[in-house]
Amino acid sequence: MKINRTLLPYILIAPLFILLVLLTFYPLLLTIFNSLQSLNLGRPDDIRFVGLANYIELMTDPAVLNAMRNSVQYFILSVSIEILGGIVIALSLRNKFRGRAIILGIVILPWALPPVVNSIVWKWIYDPSYGLLNDVLIKLGMIDHFHVWLGDPHFSLVWVALVHIWKMMPLISIIMLAQLQTIPAELYEAARIDGANSLQSFRHITLPLLKPALIIALTLGTVSAFHLFDEVYVLTGTSLDTRSIMVQDYLIAFRELKYSMGMALSLIITIVILALTWFYNQLGKEARV
Amino acid sequence: MRKSIPLVAVVSLIVLWSLLPIYWSLRTSLLPKIELTTTPLKYIPMPLSLENYQNLLGIGTRGNDVWIPLKNSLINSIVTSTGTTLLVLLLSVLAGYAFSRFAFKGKNLLLGTILVTIALPAYSVMIPLYRIIIRLGLLDTWVGITLIFTSAFAPLGVWLMKVAFDTIPIELEEAAMVDGASPAKTLLTILPLVVPGMVAVATLTFLSAWSQFVIPLVFSPQNASPITVLITQFVGRTSIDYGLMSAAGIIAIIPPLLVVMFLSKYLVDGLMRGAIKN
Amino acid sequence: MAARLVLENVNKYFNAQNPAVSDFNLEVEESEFLVLVGPSGCGKSTILRMVAGLETVSFGEIFIDDVLVNDVPPSDRDIAMVFQNYALYPHMSVYDNMAFGLKMRRTPRSEIDGRVREVAKILNLNHLLKRKPRALSGGERQRVALGRAMVRHPRIFLMDEPLSNLDAQLRTQTRAEILKLHHKLQATFLYVTHDQVEAMTMGTRIAVMKEGKIQQIGSPQEVFERPANMFVAGFIGSPSMNFLPARLRSSTGKPVLSVLGSELEILPEQVLPLKLKGNGEQTLILGVRPEYLYPVGEEGGIKCRVDVVEMMGAEMYLHMQVGKNELVARVKTDSSIKPGQKFAVQMDLGQIHLFDPQSGQSLM
Amino acid sequence: GNNDKQTDSPEAGAKKFSGTTLNVLLPPWYEFSPAMLDDFTKETGIKVDLQIMDWDPCLDKIVTSNAAGVAPADVTVMNWDWVGKFGAAGWCEPLNNHFDDDFFEDITTRSLFKYKDQYIAIPIYNDFRVTYINKDYFKKAGIERMPTTPDELMQDAITIKEKGVCEYPLLVPFTATGATTTPWYLLTKAYGGELLSETNEPLFASKDSAGYKAMEFLIKGLKDYQVIDPASIGWKGTDVVDNFKAGQGAIDIAGWAGNVSLYTNPKESKIVDSVQVIKVPGQNGKSRTYGLQEGLSVPAKSKNKEAAVEFIRWLNTPENVEKLFIDKGIFPNHHSTIVKLANEGKLPGGQTMVEVLPTIESLFPQGVPEWNMEFETETFTTMNQMAKGAMTLDQGMNHLADTVKKLNQSKP
Amino acid sequence: MAARLVLENVNKYFNAQNPAVSDFNLEVEESEFLVLVGPSGCGKSTILRMVAGLETVSFGEIFIDDVLVNDVPPSDRDIAMVFQNYALYPHMSVYDNMAFGLKMRRTPRSEIDGRVREVAKILNLNHLLKRKPRALSGGERQRVALGRAMVRHPRIFLMDEPLSNLDAQLRTQTRAEILKLHHKLQATFLYVTHDQVEAMTMGTRIAVMKEGKIQQIGSPQEVFERPANMFVAGFIGSPSMNFLPARLRSSTGKPVLSVLGSELEILPEQVLPLKLKGNGEQTLILGVRPEYLYPVGEEGGIKCRVDVVEMMGAEMYLHMQVGKNELVARVKTDSSIKPGQKFAVQMDLGQIHLFDPQSGQSLM
């Protein structure tokens, strides 16, 4: 039953909404407005209304297009691995066993690592001369000479993505795990009686009932992939092969000081993310629980 | 029981994947600086050097130089992360409940508007937000940073809580209502059932707040500056103090680790399901 | 303490086509114990849920003590309810589940404790008070659900098949306890059951429903003895009433029923209330309960062949074939009767029912 | 509590500024000791609230605040290559009015912070580059004479490699970050040319230009002669330092002048006894170098400009300039101090440093172009691409020249 | 297709103190329809769940066709089960809920469709096939749960009170369908019910349980007519058997029972099987079912006072007081009998039971 007591829901939402109006929506409106101007922080007096000119210029800027292409690659790589890994982690931790709380704590750790420390951690793994990765792979005989992992024009993006995935996976896992807890055990019992093996139980019970969490996880994965900044900037600077769209945005707004242009780009990023998440939700609606 | 062998393998792999980089960082923090660039690589920090930790904790050669800012920034981090977590929990439980259980005008629009903010990059509102925070007199204060974090993380919290409430059978609330529970009491009654959801929100929020960098950098540069910002200050002009930064990083993950270990008990002790037998 | 409950033209549409409840009118007097019966899916739970305020009323009005309650939230209606699916709080112990309603009403602690323990004892739950619902058997859960309502002293009790998962002994015992409670509190009860015995023994009145509509309301004996139509006649009583095609002739002054080749003379009083079309022959449906059929040896009644014998312990059900018709008789156990056997059956002519073959309405 | 302390102070200034708190925003290498700041408070009554931030964040913070119309602090760091942008934006208080000419007179590098005849910052860190070599490796390779020209230097590197002394003798960074540009800028000077013309046109496009040769030096060193570690694609400035001090290379071509003390510190360095500082080898033996000055500026929106000026003035007193150098390695700008230190033999690298000092030039004698930050980003990104082989030398140089042309067009 | 099911010394401990099932021994023959009855919480569901493999066996062994299955996962046991609490898949339509088990077994699509529609029709679910369980009434959900098992053709069916939420008509009808299914598939059934009628009519044998232990196993009539002890006697049959203290004297050769002041002469054959201690007097418990008590006017039997009259339609239950003892009689409805009335009651001496007052064991 849905209670239709008129005011109560609004009262429940009000505190959050007021906060958001003040700290998000109002600044966002200003930003949208700014994105239609020609505001350059370096020359604050020279402001004109330029309509969609910034957007058009961005869409044709090869650097922006390159960064966008990179970000799409980050997105595909990280979302797919995060979701798969997240499900595996959540599934393996759903059942009680001794030391589970500790293992859960360990699993979540990467996400607690401040971004700067995170990139240092990985610097000492990817380091061409003193890095763990080269050393281990050589010892295992999988490579024959030291690689400059982050210097490879073709694969550096993958290595950066890996760092991001490492950090994001816990978040995805937690969301899935929380949802897994709500699936009643009796459904699995019924499915086992019905002859479903583990895989089929997963496919027909877990997955459909996990869907709300899956959509959230997909959305978060997408958002974070397109917002990817720290890992890229610290590990590979502004390198074209790994430059993400947020790094590009940062360069435009805070290095070139083309504020309006930067804001326009950040709004474009938002729109791309929203389009993708809208798509997930449509997919999810197909078979609502 | 037969299933436990692959499970042990998978769990070990997960632990390795999560822990190895952190172990490597621990190693870095425990090696004397000069040993970082020697080959063959040292997998175990021998010779062991506690210098970085001594310096961080104010018992080393650098006196209290590092310890005092470290202590302050840890306090700042703990206060703002905890504050944010509590506030986000409160707001998202209320709003998530409203969105899950009530039918009201403008519901989808409101929910959509709130969720859209998840997609916004921090940079996109930073400069106007900066002016607002200054006008409110909240720059470089715990309150200011907590409010900003809350506005950033609450939308996700609302979504998670909505989904959590969605999975609770409505009958339980109905029973509570018939038993005479007011809306507030009804909410409180079923709250234990969404504990996994709340723990997820709390964990996500605490850790997100804990590892924030850009926002506190701009909005709480000093008095309320957190550990993440402090760590970047160990960067020198001609050399980066990797050991010190790693050590600070290790110290910085202890509070969240404790929080997570404490909360995870509630995350996995789902109430809706009995144990699944093997 | 009791309340008068009135439903006026209540309708409930879950979807636009088929209303779950339609044009439902019901008055439950103060302190009445009204039993709602009807086939699965006929809308019984929906009625209860609307009275409780858990389901909105699509059209129509519900009054409690002459106050329109359509928009009064459940918590303000002062009712207690036993849910068909129990709706126990999984995170609370049995004790807390039962105490919850009282806590919500700020009952003093000692009183809560007293009442919970009292009811738990009545329902044989006292050794389970500390358990969580998850660790209870089906019947134990149902008793907790019942106990949760029984500790309260509201104006109206709504109970949705509260004993369906209990064994006969426990059911008899609990039935008595509910009646005691009713007697003590003088609260108004709206009680859904599919159990004949419960319906007959507990209700001051029974309302028989079908497809969201009321078919008949009356005292248990009334509904049993004077069913308004074939549906009610068939629904109340188990095994079900036997229906046979019959022809009535009353040309000679003495009404004669011809059923399956037998001619039965009935008393003129029995057909007196009939609106007979003309005085010629008339096609009817004859109804007779299995209890009122007696095997009478080889001859002297309707000739049947025993098809199936269902042994019920002290009595048995005989499923018999008469041409294409089936007849069920309920008789004392007699091990000499075997399937395949043929004999004649008589019926208690004082206990027959006549129905209109078209409308199904009772003609008596 | 503060007031009690300040009334103790005998200084006259204490009264004027008593109770003032001065916010100072600087990168980590300026982390002044509390004792030193206490001295300042005692003298003036001004309490200093020192915010330390890493370089990039520092810049972000300054830009964000200024853009929002708020002072990031009362005193902030200022880099030589921000001058064009910050000056144009009007974010800095012109300091001419606050300091008299005598004050500027002694500061050799003052002109770097001049925007349209206004000093928008006072130099504090006189950073310039020298070349460090590991003389043991040179000796082992049989090289006795120190290189004096870029080509000699390259030849020496090749010899060292061929002799098997050291796999990759030449240390330069190639990440897509700021430090990567320095060796190219420096070598351009060394090859006797400039990057940009008086009108900011690119001078490095043609193959015989100094700029082109400088880049060729670097790229060939990496690709053809392989005297530069391929790992340098992932190196930042600090990695070069780390590798050099670990003995992993023979030549730190564009080393910080201040690194002498680091390379000779046995706790940090494995080459304490073999490191030697030389002048940056230049075309025809004429060594040139350029300064990467950092200064202190007062944001235009600051509410404590007087106190800020007081702080800057105090830092520039001869005792403090000397102290900053000795405590923190902040290389002085004051001619008098340099001379004094050199005379007292407190300048590490000794004679070489003294010889280098007069040769420090500005990278852009014509003034820092307003678009320098974009250009620098484009430069290190492109160098990174060339190093990775994603662009050839010619493609890269043409791209950079095009970039400059485009920037010139878009910024009238 | 059917399987033999053997439980040997099965124990189930949820907690260390009270086993939910203890030393349980049961052999269910191929194609047998075994009904498990017992009071709420006695361990019926637990037995079913152990047979299904959903609950581990604490001690003891379960064999299906002589194969030890203690460690065989449920999906490999080839069983279908109706859960007491339905356990429907909330995200699947009724159709998909029913089809799921077949899909998992890779049954061809057309066959799935055929079977689902057939069973849906039998269970009156065909108009609900597209609905989600959430939008079903209690009885409809239960039928879906039943349908989910009925579409399958496993070796063993486990049904846990599958009809408890259905009305009498539907129950009769569905009962017949389950029997038909049993007949058709010749599968082995283990069926839990608390319904007397179901237990008596469906089971080839009935197993009566109490507190995790089997009290008696036998054919329905056997259990009804020769209950092994007072518990079984009281549990089977509704209303419950009357128990009265009695003294037996057989000194004169003719055994005489003195009950509540009346002396009843019984046949020597009835006491023949008794192991009488000596030939002196002996204290016993006399059991007699309400069906075998007859009011016989003012005199000539045990003198009672009618306390409560429960009208059941065609018959009624008389609750009578005899000194401190209560007696219940089940008689044809007779409106002349009123509470407060006094009369004498006789019992059918051929239908009495004698029990040991200490052990409660039947003495016959």
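Labels for the chains are A, B, C, D and E, by order of writing; each one numbers its residues from 1.
By our rule, a contact is a pair of C-beta atoms (placed from the backbone, for glycine too) under 8 Å apart; a residue touches a chain by one contact, two chains touch by 3 or more.
Bear in mind that the values here come from a model prediction, so they are computed numbers and not experimental data.
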| item | value |
| --- | --- |
| Minimum number of chain-to-chain contact steps, chain D to chain E | 2 |
| Chain pair with more C-beta contacts, A-E versus B-D | B-D |
| Most distant chain from chain C by Cα centroid | D |
| Chain C and chain E: spacing of chain centres that average the CA atoms, whole Å | 22 |
| Centre-of-Cα separation between chain B and chain A, whole angstrom | 15 |
| Centroid distance [mean C-alpha coordinates] between chain E and chain B, Å | 57 |
| Residues of chain E engaged with two or more neighbouring chains | 54, 85 |
| Multi-partner residues of chain D (each touching 2 or more other chains) | 60, 64, 67, 243, 248 |
| Interface hub residues of chain A, defined as touching at least two other chains | 1, 3-5, 129, 184, 254, 259 |
| Chain B contact footprint on chain D (complex, rising order) | 23, 25, 27-29, 31, 49, 51-55, 57, 60-61, 64-65, 67-70, 237-238, 241-243, 246, 248, 256, 258-259, 262, 267-270 |
| Parts of chain C lying in touch with chain B, wherever the complex brings them together | 49, 52-54, 73-75, 77-81, 83, 85, 87-91, 100-101, 104-105, 134, 148, 152, 158 |
| Chain D contact footprint on chain A (complex, rising order) | 41-44, 126-129, 146, 148-153, 233, 236-241, 243, 251, 254-257, 259 |
| In the complex with chain A, residue positions of chain B that touch it | 4, 7, 10-11, 14-15, 17-22, 24-25, 28, 36-41, 90-92, 94-95, 97-99, 101-104, 107, 110, 113-114, 116-125, 127-129, 132, 147-148, 150-152, 154-156, 158-160, 163-164, 166-168, 170, 174, 183, 196-197, 199-200, 203-204, 207, 210-211, 213, 227-228, 231-232, 240, 242, 245-246, 248-249, 252-253, 256-257, 260-261, 264-265, 267-268, 270, 272-276, 278 |
| Contact footprint of chain C on chain E as seen in their complex | 14, 37-41, 44-46, 84-85, 124, 135-140, 143, 160-161, 164-172, 194-197, 200-201, 220-221, 224-225, 234-240, 289, 291-292, 310-315, 332 |
